[in-house]
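Below: one structure, written as structure tokens.
A, B, C and D label the chains in the order they appear, each numbered from 1.
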Amino acid sequence: MSAIPLVPEPTAALPRLRSNEGLLSWVATVDHKQIGILYLITTIFFLLVGGLEAELMRIQLAQPRNTFLSPEAYNQLFTMHGTTMIFLVVMPILIGFGNYLVPLMIGARDVAFPRLNALSYWLLLFSGLLLYYSFIAGGAPDAGWFAYTPLSEKPYSTTPGLDYYAVGLLASGIGSVAAAINLIVTILTLRAPGMSLRRVPLFVWMVLFNSLLIVLALPSLNASLVMLLIDRQLNAHFFDALHGGQPLLWQHFFWSFGHPEVYIMVLPAFGMISEILPVFSRKPIYGYGFVAGSTIGIVVLSLLVYGHHMFASGLGFTLDLAFGLASMLIAVPTGVKIFNWLATVWGGAIRFTTAMCFALSFLFLFTMGGVTGVMFAIVPIDKELEDSYFVVAHMHYVLFGGTFFAVIAAFYYWFPKMSGRMLSERIGKINFWLMFIGFNLTFFIQHFLGWAGMPRRIYTYDNNPGWDWMNLVSTIGAVILAVGVLVFIVNVFVSLRRGAPAGDNPWNAWTLEWATTSPPPLYNFDQVPPVRSRRPLWDLAHPEQPDYQPPAGQGGHNQ
Amino acid sequence: MPDPQSPLAQASIDLFNGALLISTLIVLGVGGLLAYMMVRYRARSGAGEPTPDFGNHKLEIAWTIAPAILLTVIAVFTFPALRAQEVDTSKAAGGGTPDLIVIGHQWWWEIRYPQANVVTANELHLPTGRQLLVQLEGADVIHSLWIPQLAPKLDNVPGHTNWMWLRADRAGTYQGACAEYCGTQHAWMLIRAVAQAPADFDAWLRQQGAPAAAVPAGAAAQHGAQIFAQRTCISCHAIAGTAARAVVGPNLTHFASRQILAAGVLENNAANVTRWLRNPQSVKPGNLMPNVRLSDDELRDLTAYMESLR
Amino acid sequence: MIQAEQQLGARAGATPASDEAGREQLDRFAAMDPHKMGMVLFILSESVFFTLLILAYLLYRAAPAVANGPNAKTVLDIGLTAIFSACLFASSGTIWLADRSLARGRDGLFRFWLAATIGLGGIFIFGQGQEYYRLLTHNVTVSQNVFGTTFFTLTGFHGLHVIVGLIALLILLGLALAGQFKGGQHRAAVETIALYWHFVDAVWVVVFSVIYIGAWLS
Amino acid sequence: MTTTQLFMSTWRWDPTVLLGCAALLAAYAGLLRRLVPAALLFGAGVATLLLSLVSPIDTLGDTYLVSAHMVQHLLLLLIVPPLLLLGIPPQAGARLLAWAPARRLERVLSRPALAWVLAVSTIWVWHVPALYDAALADEGLHVVEHLCFLITATIFWWPVLHPVPARRLDVGAVLIYLVSAALASDLLGIIITFAPTGLYPPYLHPPNPHGVLTLLRDDWGLSPATDQQIAGVLMWIFGSLPYLAVILGTLARWLDEPEADLRVRAPGPALTEEA
């Protein structure tokens, strides 16, 4: 190359903003670690935005017939809350962790397509900005994150909000597919010698199948959004009942994406838990094969059960029954995972770090969300409770108590690797208890609200017996939860400056990312340790009792 | 939830109670196990690494199959409830007339009794002890009729007819709502179901079938009727027996006999009617009824007319 | 320990010379070309996208609004489109020939077949353009009825993919003329684009069958 | 007629079917020489084959219910061939392939891409209404249809459940091979589910030779619309489960096998040098 490079070659793994490489090197980076961190910063920012929206909604709902928010404002807020949390927080935060960790865990230098990786990130950021630009461009989308037609069609949603929704999500959808392809190719082609697919850490395994699910499911969303956009912009009739279109087609297409999406938002979290529980129980994962194999069951089944989101739309007896049965079936592989995690902890030596506290509470909260999920597979129950606050509770137990608690656990676990400093355990415990109590206070009571007949997505309600105090409790819980999240942010800032130096492997963990420095050097490894089992660092530390079968043929365990 | 008042809702509730029991046991089991392990397996200083345990296929197969069996049992129980709740659409669509047609509008319910030629809004009457076949339609966007104590919910989809059963076994008033998000005023799209003894129901139906008086009693009400005809009211609303025949807004023929106003925002009484007519947009922001800007006198007289529509 | 590993390696055959070798003998995936794998995954996701567009077309094929308004049977010129389609189908063959020529190191032939592929693809796009022009001037539009909606969306997105493919092929041709593929270098790039081109072609096989042959049979 | 009577009286012991099953068993016995546990699987396969072709499933599927016909097809496609293949123990498989014609046939047919296209297109083509209805009208054609299903499905499952386990596809290939096939038949199931009622017109107003139509329509509640939907979801949702089961089985086997054959690079200077 004879041209003068516009961007200086990075010399450090994480250039400081004030250094002369600074900002430019972050903007122009194609390094998976920097991009991963950009993902995490962006998603945490959107988490705060989406959280603020939720707090505003909870304030509005704190008492009956409250006039804190107008109905239009409330509807925009709940739409943006859902859209933000799903597309700008949970999904990309998991992709961000995947981006950062996968190459390290498999002993690779970077992802397969570093520039494509940067494109994925920037698409995410711009899709988020595009979505939020709608607030000043005439009104945010207000048809729910699911944008059911015909409510989302031009005659019923005249502001440009839905157009921003469609274009924004298309951009993020394309970015997600690109990121998923990148991760799959990375995992399949860039593993270090010895790192067979049977030996990859479970997080990598989950990311692999999660990415496959993204590749299969996201195009459904993209196609639906394209059709919606063509309807809105070119007066076409895909979902227009007046001209022979079918509004329910949107629901079929949207949920054929939307249900796999539920698993897209939880599989990598399963992977995180499968990494964290063993390390802090000091035992290998119990039944690697079952945890890994059940994932494939979930992936395949998740493509078949989307109809359970549509029971109330009048699918008819046959489809109701079929989707109900298939939805129940998917509980089996999910249950297997819970049992295996419990068995992993059983007989261990538990170290109650903040990461472990979040991981253990994940087990409990996800189980709660799981059993209410099975209830919704039982069609007659679903038809009573669908679209009530019971669903709100169920879904937050899965996505917040489940995925998000796992994500916070992951932050506590991998932050030392990313930054070279430990997150404060003292603040961490405060963070944990505030979030745990706040979360349960907010959402547990919503089961009862739904049971008492409160529909979701209403900006206010009449003073029915019990609704007022239950909503108030939920709002108080939401405030505590918000404080908990803020404590986490504070912890990050405090620990970045004053945290104890982490060292290479502060937790005595066993996977490859802990073999390199914290933070890792530009190309990740000076030297990749030999990979002869699922726990290469255990083998190094315990040559007398390695996980693999030594060739001499005595002691040890297979794999 | 208030007690279910029909076998249709009861079927769901029974299943729910069963599922709740099982779920509670599972959650308590997992929680208890976690608590036990947290105490029992707390890391103790000085102790070495615990013995690695890589799994046990027999155990794992057992905890794969056990939930599968449990779910199969649940599925078996689901079948009859589902069968009882769902209308066989192919038969309903071909066969008889529905007892009731419920049409969801942006943000009110239109209720038609096709056999009696009665049209009303936001208040559904039904005779006790009879299972009614209900036809659901959506006029604009998707709505969902949900009266938790009487039946499972079902959507009102534009361009797609749905059929459901509705039944109440005990007389009383039951709250319902639109359960599918339908836009700005989704929150105030409530419905009231009034279950009456069959004789009372028949009387109600007869009364609702009668047209309104062409000339109401009282000077104020008569003036109110004029206002109704001259201002924009008549371009959206129908009152049987008068020149008002528009079908955009709720049919007002027996307006004053209804319990709720504007799909549940207000109780239906004279004071609230005045308040509503003064500025519907301040009472239910975003609803499709414009502010007609009536003077105080006009308000008084129009209210009197509305109150005469019993 | 190192000794033990070397023994293990020796038993399996050879000692890996480099990272790449150590990696590739892991399993079949590790030995694959990342670009081609990425393209296959991209094609997978695009297949889902087109499947939904095709399902929407199928759903509305028999709708009353379509039976009474313009529909595939009444407005499409099946014969003419068949000719243009044949060009697209043939271009799959020419790109295969281009790749084979490259593999055999026959640069001139490679450039010829590449240009032929572009030409055939261009003819197809021209054909689609004139069909669109005819339909639009006869007031068959995307907002006319659900046939128009689904027809233009499906064929339009396919056309868009053809155009993207043509741009990629033109870039390949430019690179070829600049001598980038001399002696069979960078063949993976050609193969990756060829995969995409075959996919675009395969989609048209389905679309042509569903829309045109379906109309002809009905 | 009651349900019990229906299930008792509509068995159709077609001699060609019986003969075919007997021939299968005889060939198997000749191959096997000695009874092994796997014979149970082969037996179950033959029993399922018999059940799908002579039981009321066949009678109902021939005349009354497209859903019953779908059950029959799914059994022939997804249950019978896997059971038969799993029932051939490795030694017997090796013996079979030692026979030159079998080996030559296998070399041609066991290419996964060919097998996939053959099987999937067979399923799709026979469910095109014109052909499907023709098979219903003509018993001979119907037999051809079922033979097509059996043979192509056996070819399809062969690379996955090869009697000699060492010659099966590896797990990654199995995953791609089976998931793609499952999705391809899901798509057909989706189309059948949502197609207007009467996709296969003969089932709209079936002749009623056994007098069971009122039983099916009223007591079982199977209107033509419901019937077609059931057929669709059987293929769409439940038809995917056998594929999933085989995937998980293959995966389990793979995860459990030792990895001693994997070569391991000696630790040394790694990834930093070459760009």
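Just so it is clear, contacts are C-beta pairs under 8 Å (C-beta built on N, C-alpha and C of every residue); 3 or more make two chains touch, one makes a residue touch a chain.
All figures in this text were calculated on a predicted structure; none of them were measured in a lab.
The largest tally of C-beta contacts between two chains is found for A-B. Centre to centre, using the average C-alpha position, chain B and chain D are separated by 46 Å.
Put simply, the C-alpha centre of chain B and that of chain C have 51 angstrom between them. With centres set at the average Cα position, the gap from chain A to chain D is 38 Å.
Annotation for chain C: residues 5, 8, 16, 19, 22, 26-27, 29, 59 touch two or more other chains. For chain B, residues touching at least two other chains, in rising order: 83, 88-89. Looking at chain D, residues 172, 226, 260, 262-267, 270-271 sit in touch with two or more other chains. Contact between chains, as defined at the top, is found for A-B, A-C, A-D, B-D, C-D. Residue ranges of chain D in contact with chain A, taken from their complex: 172, 175, 179, 182-183, 186, 193, 226, 229-230, 233, 236-238, 240, 243-244, 247-248, 251-252, 254-256, 258-260, 262-272. Residues 197, 221, 223-226 of chain D are the ones touching chain B in the complex. Every residue of chain A that touches chain B in the complex is listed here, in rising order: 70-72, 75, 142-144, 148, 150-151, 155-156, 241-242, 245-248, 281-284, 286-290, 312-314, 316-317, 320-321, 324-325, 328-329, 331-332, 335-336, 338-340, 342-343, 345-352, 360, 363-364, 367-368, 371-372, 374-375, 378-381, 383-388, 451-453, 455-462, 464, 542, 545, 547, 557, 559.
Across the interface of their complex, chain A is touched by residues 1, 4-5, 7-8, 16, 19, 22-23, 26-27, 29-30, 32, 34, 37-38, 41-42, 44-49, 52-53, 56, 59-60, 63-66, 142-143, 145-146, 148-150, 152-153, 157 of chain C.
Here chain B touches chain A in the complex through residues 1-2, 9, 11-13, 15-16, 19-20, 22-23, 26-27, 30-31, 33-34, 37-38, 41-44, 47, 49-57, 59-60, 63-64, 67-68, 71, 74-75, 78-79, 81-83, 85-86, 88-89, 106, 136, 138, 140-142, 144, 146, 148, 152-155, 157-160, 162-163, 175, 177-187, 190, 264, 285-286, going by the rule given at the top.
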